[in-house]
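Consider the two complexes below, in which chain A is the common component and chain B and chain C are the respective partners.
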Partner chain A sequence: MSQARKRRPIGQTLRIVGGVMVSIIFLFPVYWMVLTSFKQQVDIFTSPPTFWFEPTIAAYAEYMTRADILPRLINTVVVATLSALFSIIVGTMAGYALARIQIRGAATFGALILLSRGVPPIALAVPMFLVARNLGLTDQHITLILAYSTFLVPYVMWLMRSFFLSLPRELEESAMIDGCSRYGAFFKIILPISLPGLLSTLIFSMILAWEELLFALVLTNRNASTIPVAIAGIAGDTVNGANWAALTAVGTITVVPVVIFALLVQKWLIKGLADGATKG
Partner chain B sequence: MGTVQIRNARKSYGSVEVLHGVSIDIEEGEFVALVGPSGCGKSTLLRMIAGLEEITSGHILIGDRIVNDVAPKDRDIAMVFQNYALYPHKNVRDNMGFALRQRRVSRDEINVRVTEAARILGLEELLDRKPRALSGGQRQRVAMGRAIVRDPNVFLFDEPLSNLDAKLRVQMRSEIKELHQRLKTTTIYVTHDQIEAMTLADRVVVMNSGVIEQAGPPLELYDNPATLFVAAFIGSPPMNFFEGDLVGGTGLVMGDGTRLALPEADPKGRQRATVGVRAEHFDLAEKGWPATVSVVEPTGSETLVMARLAGDVVRVLIRGRTAVQPGETIHLRPQRGSLHFFDAAPVPEVAQMEDVA
Partner chain C sequence: MTATDMTGLAGRGERRRGRLKDLITRWSFMAPSIVLMILLLAYPIFYTIEISLTRFDIATFSAGAWVGLDNYREVMADYRFWDSLWVTLIYLVIALPLQVALGFGIAFLINAEWAGRGFIRALFIIPMVVAPVVAGGIWRMMLDPLWGIVNHWLGFIGIGPLDWFGDPALAMATIIIIDTWRWTPFIVLIATAALLALPKDVFEAAKIDGANWWSTLWSVAIPLLVPVIAATFVIRWLGAVKMFDIVLASTYGGPGKATNVINLFIYEEAFRSLRFAESAAMAVIVLVLTMVLTALFLRGTRALEDRY
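Right, the complex of A and B next:
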């Protein structure tokens, strides 16, 4: 009896094993990327693949000093941050309006905006390029920021809409009776409560913008080009062949800030996700 | 001025009218309960008074001002919601002081008023807690505290006790009544629980399907229900009803041919009627309406006897205790002057909801 009580229930053991396996499937490519970035060319192609080798930071040293990487990293930071912030401001207010304010045709309008997410980006890339060129806006930060907002605003809008729907309506009503206007209730009561959800949405938006390749490839050239474009360039180097160490080194540099950021705000990230999902 | 006048107020959602022209005059300091089954329009009416729902037609006056187009914040009202709607990111003190801060009351004044309200409600120890660290009853008190620090013209309560367990509900009910006797602020209180309405209010307004069935002091509604609906809705245990033909003035012939002798005739002289008798208005006698006892429920001070009469359940409330046993046949004699006559109609299915929620 006492022994049976000590033993973990079989279901729990299975869940743990399953969780570990899923984690390995997801984490191994990342691990392999980081590992490869510290290898020399000969170690990269050893068969069978080796976990033990003499590490080198040659790839980092080479690419960090190359003129086109650092500016692109800065571009990525600027574009990801600004497009995410812009989309959060616009998308949150739009999501609130869709969730709470009775507007004729709001449901159709919301669905149409969501539908725009269904259009393959490649179909939009060419028209977007033509528009940008006609406006003389190619290869500029603002162009990418606006282009990213076309998919980030709907994303934020729908996430925040469902988050707002999960909040009891009486909170705003109470605030409005207590002396707030609709705007006051939104800014003084709803926004502070929504902070976890807002923060997690902001992080996801930044990550989406951070790793975006297609629009950056089409709309930028040199000044506003981002890291994913650089990676694509290295991978598609037809003259020298793909430099795998360089590729994985730049890849690691791209991923690390996102991971650090996510770890820092993990507490709110999880709270935000859980809040939106379960709060009745 | 804490008077509220509702004049022929209507509410439609699209083409569906849910409130069909309701008029009530509420006096300064009065405690009015709006009671009725769910979907009767009582909450909608309250929200219209609060300014949370538009008024489709008609007028609502608070004091002598028509408030149809006045924003909720400018109506000088306070409202307690069923789910309390406490601001989760603010502690008790800031929850209670929020409305005053919105009105730019000085910090010292806010402090004085919050402390006073907390003292009245016994919340002094909890002022620095967040709502999530409070029990249901405490949250309810904070919601009331938030309303009373305002010192508004009118209190609006929307089913404030429904989320509490039965014991706490009874306790808070007394507290609300005491609070009203102390503050004498005009109060409009929505509930589906007729006991709550009866015990709290100076005047009870019974609503059904978007109209007012009857409005009056609680005991008047109990003693003289104007409609079959009110008769069925007010009172616990519910009133007993017998439908049949009135023969020779004081005979009631029911569907299955059972003939019951009535102690008095219908003052309106109907041919067919539904006759109501409250459970406590039966005497056990040697001769009377024969009924077979099915269940006996003693509660100490009184005993509820359920019996079958011509296929219907009859509830009889006996003061004190009784030796009546299940299976036994008893003879019921309605007391003189206790009969309620209504036009013959099926008894409305009124859920006695005191056990729900």
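Right, the complex of A and C next:
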């Protein structure tokens, strides 16, 4: 790489320029969404589309106070947090078992769970809806939390398994020789040094739950409904025409917290991604 | 019986108890997830299969009389099901290779060594965490034939105005563009890590041997990257077969049924038309197809890994 720079500075410059241009293209839609969310109705529908206008928070003031937005935002926070926490507890223990504890049949189970990532959610949504309906569990937070664990637990399990495999085996061996129980070794030695991996997995799980649409559409209607359902409703609202103010304001509220979160832990996030793709 | 025998027996019992305790401890790590997955993953799948083999009873909202394979026959004779599978196939065949190729290409660009490299790489996280349903919504706005900014820009180079949501081929292009925008950054991030992990000395050697840029790429870089490319492809495949949110928020399957991917079709059949038995049959068919293809891809990945 460094040789190329010395010999072909033009190629290197072209790469940098190309890289910057591509990232601008990829960021533009998000920028445009945020920009549009601060426009007045007259500035949204202009030809040509305008970049300069007097900003207003009217769209936020209007839609954030509406009865179908704020409760859904709270629901999304609650469901995403609880389902991620729940899945990380269950999934991390299973991941540890797969990585470190010899149990007969565990490998088969691990392979089955890996394969379960290929199960189309629609094949689960139909029976879940019917069972939840017959048990009177539709439109409850707990239903969504459990439904989300069907994809979060396998995800956590697999990521944490590869994380635990990367730790030196001597850690818990010496702890157990020193008289630590298996639980002790796991909770006192392994978990503390796994915090970076746990944190990035937790955040990733929260993001996955945060943006989930299908289960939320099927299993909730008012009480436990989440923000992606609201956005799907706004985007697909053909009766009132394109409500871009609502779409961009609610969209920005949905996206910005996640972006901030993701950028805060970007180093671990990227590492988790790369590990998830190459290990296992 | 002597005293030593007595202690020996007690020791054996204790050891057995210890072994049992150890076994329970071992399984306690695995048990919660096994119970959970049986209840929430295996049971629903079996229930879907049961529904698909019965006539659905709308009164009790559960599986009714056994009808054997009737639902499957009906679904297989339904041209809309085949159309929807076809649409899904076109989307997959175009979008997956496009995204993998673009992802690795962009990763090569942004891996150029300069001060802003880390910053640019971090920026690629942003589209990746935009909820797909929001992505669908924003692009629906940007591609709007009348007010959208994309058509406005295309006008500068003499293209358009394009009716992105009215023309079947363009609508398919629309969902592929949105999907590619949303998912390529994910591949870029994996690919940047993979490219950085490439051994430098091999490239030095190729250079010394007088290999040009093109043959270095094809004979050195790509073979080294094959395992990662294959793994990325499989991960992306697992996500792409779930395609739903983006279509729902942008084209809603239209115009006509031109972008009616299978998940949206089954969703509509189940929850709009309340044809649960037929939907269950379709879900089972899709489940089997996905599983078979996933297993094939995983096996292919392993074979490729062994070869390179």
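Following the convention adopted for this analysis, the second predicted complex is superposed on the first by the 232 of 280 C-alpha atoms of A that agree within 3 Å, B and C clash if a C-alpha of one lies under 4 Å from a C-alpha of the other, contacts with A are read in each partner's own complex, and residues count from 1 in each chain.
One rule holds for everything that comes next: contacts are C-beta pairs under 8 Å (C-beta built on N, C-alpha and C of every residue); 3 or more make two chains touch, one makes a residue touch a chain.
No experiment lies behind these values; they were computed from the predicted model shown.
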- Query: Where does A:189 make contact in the superposed view: on chain B (first), on chain C (second), on both, or on neither?
  - Reply: first
- Is it chain B or chain C that touches the larger share of residues in chain A? C
- Query: Taking the superposition as given, does A:127 touch the first partner, chain B, the second, chain C, both, or neither?
  - Reply: second
- Task: Return first, second, both or neither, reflecting whether A:74 touches chain B, chain C, both chains, or no partner chain.
- Result: neither
- Query: Counting only touches as set out at the top, which of chain B and chain C does A:181 meet: first, second, both, neither?
  - Reply: both
- Message: If we overlay the two complexes on their shared chain A, which of chain B and chain C does A:171 touch? Say first, second, both or neither.
- Response: first
- Common interface residues of chain A - those touching chain B in one complex and chain C in the other: 181
- Using the touch rule from the top, collect the residues of chain B that touch chain A in their complex. 50-52, 71-73, 75, 77-79, 81-83, 85, 87-89, 98-99, 102-103, 146, 150
- Quick one: in the complex, what on chain A touches chain C? 1-3, 5, 12, 15-16, 18-20, 22-23, 26-27, 29-30, 32-33, 36, 44-49, 89-91, 93-94, 96-98, 101-103, 106, 109, 113, 115-131, 133-134, 146-147, 149-150, 153-154, 157, 181-183, 186, 207, 210-211, 213-214, 217-218, 228, 231-232, 234-236, 242, 244, 247-248, 251, 254-255, 258-259, 261-263, 266, 269-271, 273-274, 276-278
- Interface residues, chain A side, partner chain B - complex: 168, 170-171, 173-181, 184, 189, 192-193
- Item | Interface residues, chain C side, partner chain A - complex | 22, 25-30, 32-34, 36-37, 40-41, 43-45, 47-48, 51, 60-62, 106, 108-110, 112-114, 116, 120-142, 144, 146-149, 152, 181, 184-186, 189-190, 192-194, 200, 203-204, 207, 227-228, 231-232, 235, 238, 241-242, 244-245, 248-250, 252, 262-263, 266-267, 270-271, 276, 279-280, 283-284, 286-287, 290-291, 294-295
